[in-house]
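Two complexes come next, and they have one chain in common, subunit A, joined by subunit B in the first and subunit C in the second.
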Partner chain A sequence: MTARPLPIPPRLVTCSVDGAPVAVPQGSTLLDACRQAGIDTPTLCYLETLAPVNACRVCVVEVEGSRTLVPACSRPVEPGMAVRTDTERVRLSRRLVLELLASSVTLDRAAPELRRWIERYGADPGRFGPPLPPTHPRDAAAPGHHGAVLVDGAEACHQPVKDDNPNYVRDYARCILCYKCVEACGTEAQNTFAIAVAGRGFAARISTEYDVPLPDSACVYCGNCIEVCPTGALAFRGEHRMRGEGTWAEERQVVTTTICPYCGVGCNLELHVQDNAVVRVTSPLGHEVTRGNLCVKGRFGFQFVQNRPGEG
Partner chain B sequence: MDLRLTSTPATAAERAAVDGLLGPPPLADGRVASGGHRARARRQQLLPALQALQDRVGWVSPAGLAYVCERLTVPPAEAYGVASFYALLATGPRPATVVHVCDDIVCRVGGAGARCEALRTRVGPGLDEAAPAGNGPPADGARVPAAAGWVPSPCLGRCEQGSAALVQRATADGPALRSLGPAPLEAVLHVLAGGEPLAPAPAMSAPQAARSPRDPGLRLLRRVGLVDPASLDDYRAHGGLEPLRRAIALGPRGVLRELEASRLVGRGGAAFPTAAKWRAVAENPVQPHLVVGNADESEPGTFKDRVLLEADPFAVVEALTVMGVVCGARQGYCYIRGEYPEAEARLRHAVTVARQRGLLGPSLLGSAYAFDLEVRRGAGAYIAGEETALFRSIEGGRAEPRNKPPFPSDAGLFGHPTAVNNIETLLCVLEVLRIGGPAFAAIGTGESTGTRLFCVSGAVERPGVFEFAFGVTLGQVLAAAGGIRSGRRLRAVLLGGAAGSFVGPEALHVELTFEGVRTAGATLGSGVVLALDDTVDAVDCVRRIARFFRDESCGQCVPCRVGTVRQEEALARLAAARPLGSTAAELDRLRDLAESMRDASICGLGQTAAVAVQSALRMGLLPAASERPR
Partner chain C sequence: MFGAGGGTSSYEEAEACDCVILWGSNARETHPIFFHHVLRGVRRGARLYVVDPRRTASAQWADLWLGIEVGSDIALANAMAREIIRAGLANHAFIARATSGFDAYAAAVEPYTLARAAGDTGVPAEAIRELAHAYARADRAQLCWTLGITEHHNATDNVLALINLALLTGHVGRYGSGLCPLRGQNNVQGGGDMGAIPNKLPGFQDVETDALARARCAELWGVEPPPTRGWHLSEMLEAMDRGELTCAYVIGENPAQSEADQGHAIACLAGLDHLVVQDIFLTRTAELAHVVLPASASWAESEGTVTSSERRVQRVRRALDPPGSARDDIEILCELARRLGCDLGDPRPEAVWDELRRLSPMHRGMSYQRLDQLGGLRWPCPDDAHPGTMFLHERLWADDPAERGAAAPFTPVDFEPPVDVCTAEFPIRLTTGRRLDSFNTGVQTGGYTSPLRRGESLDLAPEECARLGIRDGERVRVVSRRGVLEVPVRADPILRPGLAFMTLHFPDEVATNQLTIDATDPKSGTAEFKATAIRVERLGPAPQGAPAAGGEAG
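== the complex of A and B ==
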């Protein structure tokens, strides 16, 4: 038997969060420290299973001695850091981030926490005026230019719903550009790179090459992008249809945890069932092997359990 | 990763363009893997390969992009993400000739707004402008063949000449980019009608150097206009290569001591001590080290680096070589904005000659030091001048900045310890070596040592680059440029560029030092001194600045991506006297936006996107906003 050295216990670093000392293992982020201190910190682009891109800026905190606010989700704790999470500056920036997002994209299908944060920070998305109707196709926007600025409202991110494959729908008018799907499709999980951020500035958008339909892209329909999307921009086709029809009822859904029947890996599945039909498949994010990821079979291959005549 | 590419084959021209850069394609051999490390090493060729397509066929077509992806093993979605980021690359079909017509803040003072309006009526809307509803075919008069089009452009860095324009023409041979300047309406129409772009007239870009006798106080500009920019021998005859010799004799530690004594700080905007930056890289135990010259100069109103690159390119090569020696780097890069084709050509020529003559290569001037330099061309993105964005651009990505820390001295280009400096800073280093650190520190004031280049433009008689020892006042700088044009009255000065602040005539006595402008609530930034007289439409200028930040935001972070849009909208409403709610409510919104952009944005672009706007409001430059109680 080979002797295995015991792992070196991580060294603790101590910082203060809102005045109270907090000791966290070296390498932890300010977000970890906030969570340990029991402080609810809003996050949109952060996910435990992905490398932080710190793009949304809703998690910013004040660190003593820093000129600007810093993103809690990615900044490592340094010994002696003094962190404030509820100052005027922090509240203002968090409120503005929420107002700016809500003034430009449709958030009614976003994760419920988002609505809670909008309330907590008193965000008023309407203060920039009513969302304006589309003026140009976003998918063709040229970098460095934009059309006339209109004075009667707030320009918004309109894009027609992309319903181009049998499995899932992309509704980028709901996209907050959190980069999570791009990460999940790329180096963080799937290594397929079917989607990326294209364009720049306000016209930046998630896209395949030249906006080709998904079947012409590299997509393998693992659905890992759907799993991480916080806004409902990416959704199972059935879910999208039911929401449109008004029949989607999360409160009537039952989640059954099971194991994928297809191959020997045996990924954990969570089948979301409404009215005796599977309407969505997820996988537990905390599972140490699969970390929320599945392949096309586990994610979308559930028709056989409910094959009913007349349904595709 | 398996590449899935469109099955449409690239055209012969597209293949030729890409193969011209990458060499002929290897013979297909299914047994040899071409992914992994080797593919990652090829990624940095992505931007040059896309540029090769653009230069040759006028756009990056799906088939052309697929061919690049195949050659470099890059996923097409990512390559499209890169291609669609840069303003000088087109991802849709375009006319073979496109004239980028500057309509930015300085050219506007000279009537660029009217020039674009005239183009709109005589030629039709710019290529990327949404055609206004009900717009008919272009009016008769100058009928433009579909082979040509125009597009409004942000500052092209030729502000001292005014009416700048840049011609982009798909071609199999010769340069695809050429500067026009100054280009009045007729010159633009001439190119749009198929005519050859007229070479820009030799410019008097540095009036102090053009004067006879030359101003003896010139240090950074001492060779400008005097030396043949194509001749290494002439460069040497004018004092070139002495600094490098001295650096080699002193060794890295010795040079760092001189730099420390000089108290030189960076001229690229952040005023960071150069010695500290270089020491951090030189002493970093992680190898290899890299050095980068930042010649992306895209801050509206800035053109000093262009003048240095065009007139004294060997000095830039020499300074980067010194930087390599001191920082322990054997490889350097110079990233130069795509809108500077003439400067790029001269720099490339200088690098080639330097290599032939042993000034770059395995043994510098016969010493044990080795260094080589690669020139990289930008593709139309102000944000690529931000140092971490610049790294990503060279690496073959979208020029998106990242959060610091980690700083470039720990994790820079390709993840290696990297020092990056502005071109003017680098020329200051040569001066430190020429006269010694203490002598350099004796020039200027306590906190601001040495000389500074000022890009004086707008409503002055003799716009251009001026060099002064720190301590000169704003009024003296304007006077050197001949004062305000034809007896008009000064209304405001934009100090530091679009990311800077407006100051009023009461600031004429302010010393243009780091500490002096700070007390006036401004910054020196990139050395922009843009004078606005009482005929200039200040509201229009402020709105153009807001538009610039919106157009140049990389789009990563919410405060900047959406905040710059909301800021532009609020200014449009104020200008139209149609505030949402009340004027006070608009000002409240603008203040909230300013605060959150400054506090919560990732990089300096978002952090400064509201600075000029807020200073204009404070100064009352926006009449609609000034009758408010505050």
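== the complex of A and C ==
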């Protein structure tokens, strides 16, 4: 039997979460402690396989002695920390984050937890008024450019769907700028750097270099950005079409884990199948071979099993 | 290696080592998710060295790229060995305890001076020296390769040259140190492990010499396994040539397009008395067949297992109903057996797997249940409590000589240039490989649309295009000693003058294998796809004295 060298077991650090003592391995985050204590903590920009970027601020908690609220997803636990997750200040902050996001972005395809959190924190995205039509194309916003302050409604991220390649669509009216796609395309996984955040303030958006269409960018169509997108802004082209037609039926889909038919790395594929057709391909985040990542062949190369004569 | 037919390391070890060598592998494009592990290692401070004739996408991540002459790998490896020995960097403690044949090896590499290797490989002596020192000095080093090593007439010698380097430096049998051949297909490892190679029984046990395994098979099957090894694919084609092999049953393989010297391969297959093809596609090989048996796609329409390059056995599962009359491979084989008068019953895939576990000690602990629960297991996994094996040959480091077992032998090998020699008539070296979004002969990847796909081209260095007066995109005639074809040229700055590149992805448009040579490695049966001598002609009248397009295909 062979073994890998085991690191020295981490020391346990004890903090308190909402008054109850919690012991976690050194290096754990407040989010880990909250989860260990069984406290459902909202997160949008956090993912186990990515380094925290602290973008969304929806996971903030109160730490005794700290002037500001702290993001739970990135703050390491220190001995004796007293953490509060449900104070008025935390609830207000989380509510405001959810209201600002939900008033400017279409969230109807976001994960179901998001709707649960909106309800729990009493977030009312409508209180800023109705979403306003765009004043100018978002992609044309120049650095430092700010439009007139809008008072009769909520400024929104409306923009046309980017449908510029055969594999996936980008619907940035659904984008909350959580940075996960940028991280997955960058140093955290794919290291292709085809996309980044362009612009500042409300004009900030995900963009290719000089906003070129995807086929002219560095994109290699691994779809690892789709895998991490929490709001449905990035979607397989087939899924986008089916949703438009009203034929997308997640409740009828069966997910089967199998192995990619191409090279010898042996990546796990989760085939999402509806009516005997693959409609989406993902990979388990927790599997040590892929960590949720695939290449273009694994993600989009399934078509050959359903190009059937006499069908479609 | 050293008796085990698989890579010694696991992917995660590439994240934990100080030095990664990709030798004849463009993993960035051909094994992208393995390259993710390499990149994590690089980001943690590992140095990456890429040995490849082309400055590939992988090479662009390297600390140092060694742009080797095609087929000169042994010259490079032996020169590295000589440099390591002379610089006092050989791991003599490991060599003395765990290896044999060092003195003969040291003598064999002695003539490979840096200066000579620089001449043979085209790699500057200083770069060879740097790689040798970096590999030998690393605490943990991974040596990874792909078809750039194995698609040569001396494939086995190439692999042995790399194994020698690992033995010389002790980079094997420890966490983070090992040899990692990256397999080209999702179950090429598993196929071999299951005995689908001419000299092995299930469990990679030798059919001629392993008496215990033979006895186990005989007992379970009720018949004695054949006493001698069979033919590999290249030997089968030769036997077809001689008229000795007259009938073939081809399962999930497209030799009419995937074999080197395609015209010859098609002629052999077309000359058979009876050809049965079992496939999910009506391939070019199936078009030649007398009987075609439609099969279900193994990865999405049936149940079973595959084995990856890190020896990880994982389950494939049925997600889709197969189309029309397509049936599972096991079902077809058992039905065929029944018609031939042998009732194998109607076994489910799990029952077949459990039979394998009874025959193969290294798979014994891998029940379907455990494979499901643990996300796969890496062999050897001898019993139900065994966690699987991260890396092989740890025994070589054991203090107890009994536990250390047989010494790992150095096998001296000599540099031999490719068979298809470049001459004034055929001055350009053509090599072949894959692109990111396509796969082998394209029967699977042809099914989806990729914005990256450009179709086939003859890639040449921009300087070469200028010298030949060829525009980017111009169609040219490519002539080898075996065939002629026409293809558009693409100027590609990752190549240097004298080197050309094509893929095998679009055989219906451009049959690259009309050009390649079927000089094969006698031990592995792999043809020298990587080294063809060609000349490039601007389109005009047909060339003098070259075979017609299509080769000898009747």
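Here is the rule we use: the second predicted complex is superposed on the first by the 301 of 312 C-alpha atoms of A that agree within 3 Å, B and C clash if a C-alpha of one lies under 4 Å from a C-alpha of the other, contacts with A are read in each partner's own complex, and residues count from 1 in each chain.
Keep in mind that, in the parts below, a contact is a pair of C-beta atoms (placed from the backbone, for glycine too) under 8 Å apart; a residue touches a chain by one contact, two chains touch by 3 or more.
What you are looking at is a predicted structure, and each value in this text was computed from that prediction instead of being measured.
Bringing the complexes onto one copy of subunit A puts subunit B beside subunit C with no clash. In the superposed model, A:136 lies in contact with subunit B only, and not with subunit C. Within the superposed three-chain model, A:256 lies in touch with subunit C and out of touch with subunit B [touch as defined at top].
Legend: residue contacts after superposition of the two complexes on their common chain; A:28 is shown touching neither subunit B nor subunit C. In the superposition on chain A, contact is made by A:166 with subunit C only, not with subunit B. Once the two complexes are overlaid on the shared chain, A:274 sits clear of subunit B and of subunit C alike.
In the superposition on chain A, A:49 contacts neither subunit B nor subunit C. By the touch criterion defined above, A:191 lies against subunit B and subunit C together after alignment on the C-alpha atoms of chain A. Of the two partner chains placed by superposition, only subunit B is touched by A:92; subunit C is not.
Using CA centres, the angle subtended at subunit A by subunit B and subunit C is 110 degrees, rounded to a multiple of 10.
Of the two partner chains placed around the shared chain by superposition, neither subunit B nor subunit C is touched by A:41. Measuring only between alpha carbons, the smallest separation of subunit B from subunit C in this overlay is 6 Å.
Counting contacts by the rule stated earlier, residues 191 of subunit A appear in both its interface with subunit B and its interface with subunit C.
By the touch rule above, subunit A contacts subunit B in their complex via residues 53-58, 60, 68-71, 74-75, 89, 92-93, 96-97, 100-101, 103-104, 127-129, 135-136, 140, 142-152, 154-155, 176-177, 186, 191-204, 207-210, 212, 216-218.
The residues of subunit C lying in touch with subunit A in their complex are 11-12, 30-34, 36, 39, 43, 61, 175, 182-189, 280-281, 297-301, 306-310, 312, 314-321, 323-324, 375-376, 386-387, 389-392, 394, 436-437, 439, 443-452. Considering their complex, residues 1-4, 6, 62, 65, 75-81, 84-87, 90-92, 126-130, 132, 151-152, 154, 380-381, 398, 403, 547, 550-559, 561-566, 568-569, 572-573, 576, 578, 580, 585, 589, 592-593, 595-596, 598-602, 607 of subunit B touch subunit A.
By the touch rule above, subunit A contacts subunit C in their complex via residues 1-5, 165-167, 187, 189-191, 214-215, 220-222, 254, 256-269, 271, 273, 276-278, 284, 287-291, 293-298, 300-308, 311.
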